[in-house]
Amino acid sequence: MSYEVNINGEDRKIEILSREGNKIQARIGEKTYDLDLMEVEPGIYSVLYQGENFNFELNARSPKKYIVDTTDEKIEVEIVDAESRYARSRKGGEEEDANFISTPMPGQVVKILVEEGQKLKGGETVIIVSAMKMESEYKVVKDRTVKEILVKEGDNIDGDQPLVTFE
Amino acid sequence: MIKKILIANRGEIAIRVMNSCREMGILSVAVYSEADRNSLHVRYADEAYCIGPAPSNQSYLDLEKIIETAKKSGADAIHPGYGFLSENAAFSERCKKEGIIFIGPDAHAINTMGDKITARKTMLAAGVPVVPGTTEPIVDLDEAVKTIVEIGLPVMVKASAGGGGKGMRLVEKEEDILSSVKAAKSEALAAFGNDAVYIEKYINSPHHIEFQILADQHGNCIHLFERECSVQRRHQKVVEETPSPIMTPEVREEMGRHAVAAAKAVNYAGAGTIEFITDDQLNYYFLEMNTRLQVEHPITEQVVGVDLVREQINIANGEKLRYRQEDLSQHGHAIETRIYAEDTDNNFMPSPGKINHIHFPLGAGVRHDTYAYNGYEIPIYYDPMISKLVVWGNNREEAIGRMKRALGSYKISGVKTSIPFLSRIMDVPDFKKGGYTTHFIQNHTEALKSKDSCSEECSDLAAITAFVDFLKKQERAKPASNGKAPASQWKAFGRKKAVTRL
Amino acid sequence: MIKKILIANRGEIAIRVMNSCREMGILSVAVYSEADRNSLHVRYADEAYCIGPAPSNQSYLDLEKIIETAKKSGADAIHPGYGFLSENAAFSERCKKEGIIFIGPDAHAINTMGDKITARKTMLAAGVPVVPGTTEPIVDLDEAVKTIVEIGLPVMVKASAGGGGKGMRLVEKEEDILSSVKAAKSEALAAFGNDAVYIEKYINSPHHIEFQILADQHGNCIHLFERECSVQRRHQKVVEETPSPIMTPEVREEMGRHAVAAAKAVNYAGAGTIEFITDDQLNYYFLEMNTRLQVEHPITEQVVGVDLVREQINIANGEKLRYRQEDLSQHGHAIETRIYAEDTDNNFMPSPGKINHIHFPLGAGVRHDTYAYNGYEIPIYYDPMISKLVVWGNNREEAIGRMKRALGSYKISGVKTSIPFLSRIMDVPDFKKGGYTTHFIQNHTEALKSKDSCSEECSDLAAITAFVDFLKKQERAKPASNGKAPASQWKAFGRKKAVTRL
Amino acid sequence: MSYEVNINGEDRKIEILSREGNKIQARIGEKTYDLDLMEVEPGIYSVLYQGENFNFELNARSPKKYIVDTTDEKIEVEIVDAESRYARSRKGGEEEDANFISTPMPGQVVKILVEEGQKLKGGETVIIVSAMKMESEYKVVKDRTVKEILVKEGDNIDGDQPLVTFE
């Protein structure tokens, strides 16, 4: 099966050429790597390449999406197979504006400044959320109309949870 | 003699206090909110009691509930840690009334130091330098000019009714005095309808330097030298070190004497910290006193060799100080970095969540104060500090190298942390040189931003690793069509290749 | 200047050395056997190379392979750690020939100190006291008696051909000299056909006290004071501390001078340890010199404030010592306990296996040197030491309290460890008093045995906890009869009760 | 369902009387306990009883057998249900001599001193196993006859693995 990986936004062809225990040979783009690769703890890999040691910690966002922590930085890696290529093509390539507001982290709703059906100007604040004693305002980027408000003031919320949706 | 201490706190400081209790053969009682049942301080204590719901004002700040728990558990003393009730005079007073020893100063000391204006007056009376300036608003132009000449340049002229920078003038040159005061006054009048101004000495390159003190109930007081805490963001300390790289032995001795005088002025008993604002010429002025244990107290412990919590307990027991000033000296160099669950690239936004893995750096000269463990979910209700990493080195250069080493092998996954940011601080030449001011972080925003440093090779390897993991998981998840264990292509691939290679 | 160091070792000491490398900006190269691919030292190094199969003689002792790897990786120096090739004169010599810096002494020093008889003669020549005794077998009865009188009682008379305690006599009283020697000789004749004997001073209450030394390549040598290592089992150190509780300043100074003389006698360069056997009256005698870093070196680092590995590297770089003797002093008290995977109730039988959980005690004054992590399987091929736990305290009492606290919260599950045994040592009055000898463990076997200390209440709670866990797992494992998620009786029980209680 | 638990060899009746979240009431023998009991990490429980805090780490030897590590000591707890009572009764209560030799820990076979069919005197050494540089001899307690030798010299072995069986 042919695979591609998307590394920090760039698509590259990837292939495992051979494998003996920890020793694998892999090609990525035009380059071939002979590696000693071992999962030393769950999700933590030690990779030796030409003697040099790399420690990678994998955080799977989905079965195909990884954030690879390389100590110095975090690299986004997505496995692109036929299925995800199809899904991508349907999206039309362009990212749309999200049709809901969410926070990147868990917290508590402090104040909701809008009502359902309300028309908002770009830049208007929709909701204020506190986490760890720090309050953050969440605004709309463009003019939008509020469809549904899914939380109420005082609610504890998860990260990435839709809070307010738009038409 | 204290036999059982209730620790009215959570997180690393609760565990810090319990450690000294245990070393002294004293039982420890934890209190916890409903959000903290699985917190390490609960598991670490000899006894533990729930004191209410997650929000602090219904639990860790609930004075009544804590007093009640102390009585129920038979604790004869309460240690407040830092934050929460630690600088609450009513709590100190209440403990006294209930016959429970409060491990900290009395209400008088807390109240006096807690009010900025009273503290300033008390310090002036005790001969401790405070930032020169007017305490009453000045309306008269001539008086303003006279005051400026008395204080000495540079000064800041501020609208007494002011705010938002309006009616504020920095005066650096003599020839600008008159025009600046006039401008400030007219601007103040226009903005606030009131042209009265305050005048304050302007500290050009401010350093935050504080002195640790210990005082017993018998009038003895010593200082344990300084801590340099100028690396701050939003007035929150990020990196602390001792000795201060800008300190001289003469100024240290003098500041130490003033710190002791400050504590004596309020008949202080316990551990406390006198904060000074200091300029490049080592002119220093009293800022405030923290009447409790400080977050950054470990660097003093490492360099002076005194367990401050043990001494707090001894003092609370009514014992005399075990050390005289001349017994103490600074030995080597210590640095603390505060590891927060936060996104340093996104305005230091807190990043609570579940810690998947945590690997502490260990070895020579490394100390950790923490309450985090694998699988622990950092609650959203409290401070997002995960741990304090403290290193000791023979000298400052060794300590910086050790801190870099320790941060480099400190791994926390699952939440964003300030570890990479702290590591970049250690690389900034101005930090290495040591003459940094409280403007350090804002002056070096560019150098402190995260950078893509992974080579193409490294990102290729990261991608291959993710791909291998994906293949392994895919094989594991594959349903068995024949009812047997699923055939692993990934495993089969390994076998086949192994054979063909023979 | 050394830029890259190959560490010819594994486990905690490999990581210890790498830490100093990293702090000095030096790259580190790990070598590993096939059993160690997942060992932490491999993951921690900048580079790592496999050097052969699991058995040491095919990997960590394979001199050729290590030299080859050093060349391949471009390492300009090799640090041997302790054990393995660290006291191999041929290896030191070979490195020199290959132009690789050996971080340790030259072959001459290793050879001289490695041979007991040569070492003894060298020490005698250098004026360092050795255990008084004969170096040649004595056949003549009168000469034997004369020698005993010279040496002074008590003495041990040993068959020169002997072994197994045959022909051995302890002589404590003057009136027994003649009869004892006669008895020993006749017993020796009967057992071995040879009645020659050796006579050696008998040390009644032996203490093992050693001195750390550092010597540069320019003839400068200093000592870093003593370590007390008398808590031993089967001649293996279990607990070490510094300062020694039986030491006096006068004897310390004199022993230190003799330690330096011992090192100078072999033109030593690097870090080394002079071991002395000492009696209750602080009479001391050279035992041997370890020409390498010692397992217990961290306690010296904590108390003297010198990073010994850093100094080793500086010395190997040809630098002069950074310290003069008068710069150094002892600051506080440090204790090390060695945590082994072993069954202390079963003759200290090694207990390798997989570590499920490991929780390190942290906080003030605690240092760990380890290579263990959650899920790590301790290999059966090497030493079963898991970690070295080192504490520092202001004084000995504080240090013991701290060690008890640290051991009490040190959790390792999956393998049996010596943690409870070590904790019991801290409680033995003879240890607390500090006058213990090398017979300490055998003299306190009863006190050091594990005891059932859990109350009936505690064992009831343990049983309930196991039962709850059993119920939870049973529910989780229950197959769904209707194709839906299995209904959990355990969960349902909670719900039902919650409802009926409303 | 009625259960018994065997605690360090002693059988006791056990029952959960009520449960609300972490709060459970349990009876063991004649004594009733109100507990706050929480699994804080996988296999690690924090138990609060009358304010006192107990930390227990469970090591399951089988689904019904636990070694509970209480910091100070290890307590063996076995859940006794109908099934295990039956299994026990068949055994006749008395423990028989093992009919094989095994080691308590993993290691490597150094030397096998017996042959299949050989008759041994009680106390005779059967096999020598090394682990971590230390060699241990394993002997028969009574007179036995060797049935089968399941390993050979140099083999790596697991703990509790049968090495040599007897008639």
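Letters are used for the chains, namely A, B, C and D, taken in the order the chains are written, and counting of residues starts over at 1 for each.
Here is the rule we use: a residue touches a chain if its C-beta (ideal position, glycine included) is under 8 Å from a C-beta of that chain, and two chains touch if they have at least 3 such contacts.
Since the structure is predicted, the reported quantities are computational estimates derived from the model, not experimental observations.
Considering the contact criterion stated above, the chains in touch with chain A and with chain D alike are B, C. When the C-beta pairs in contact are tallied for A-B and for B-D, the bigger tally goes to A-B.
Between chain C and chain D the centroid-to-centroid distance comes to 33 Å (mean Cα coordinates, whole Å). Distance from the chain B centre to the chain C centre is 38 Å, each centre being the mean of its Cα atoms. Between the CA-based centres of chain B and chain D the separation comes to 49 Å, rounded to the whole angstrom.
Annotation for chain A: residues 41 touch two or more other chains. Chain contacts: chain B has residues 373-374, 408 touching two or more partner chains.
Against chain B, in their complex, chain C makes its touches with residues 15-16, 19-20, 22-25, 44, 298, 301, 305-307, 310, 331-332, 359-360, 362-370, 373-374, 394, 398, 401-402, 404-405, 408-409. Residues of chain D touching chain B in their complex: 22, 36, 38, 40-42, 46, 48, 51-53, 55.
Chain contact summary for the complex, chain A toward chain B: residues 3, 5, 7-8, 12, 14, 16, 18-21, 24, 26, 28-29, 31, 33, 35, 37, 39, 41, 43-45, 47, 49, 54, 56-60, 63-64, 66, 68-73, 75, 77, 79, 104-108, 131-134, 136, 156, 159.
Chain B makes touch with chain D in their complex at residues 29-30, 37-38, 42-43, 45-50, 72-73, 373-375.
Across the complex, chain D is touched by residues 341, 343, 349-353, 356-357, 380-384, 408, 411, 413-414, 420, 450-454, 457-474, 477, 493-494, 497-498, 501 of chain C.
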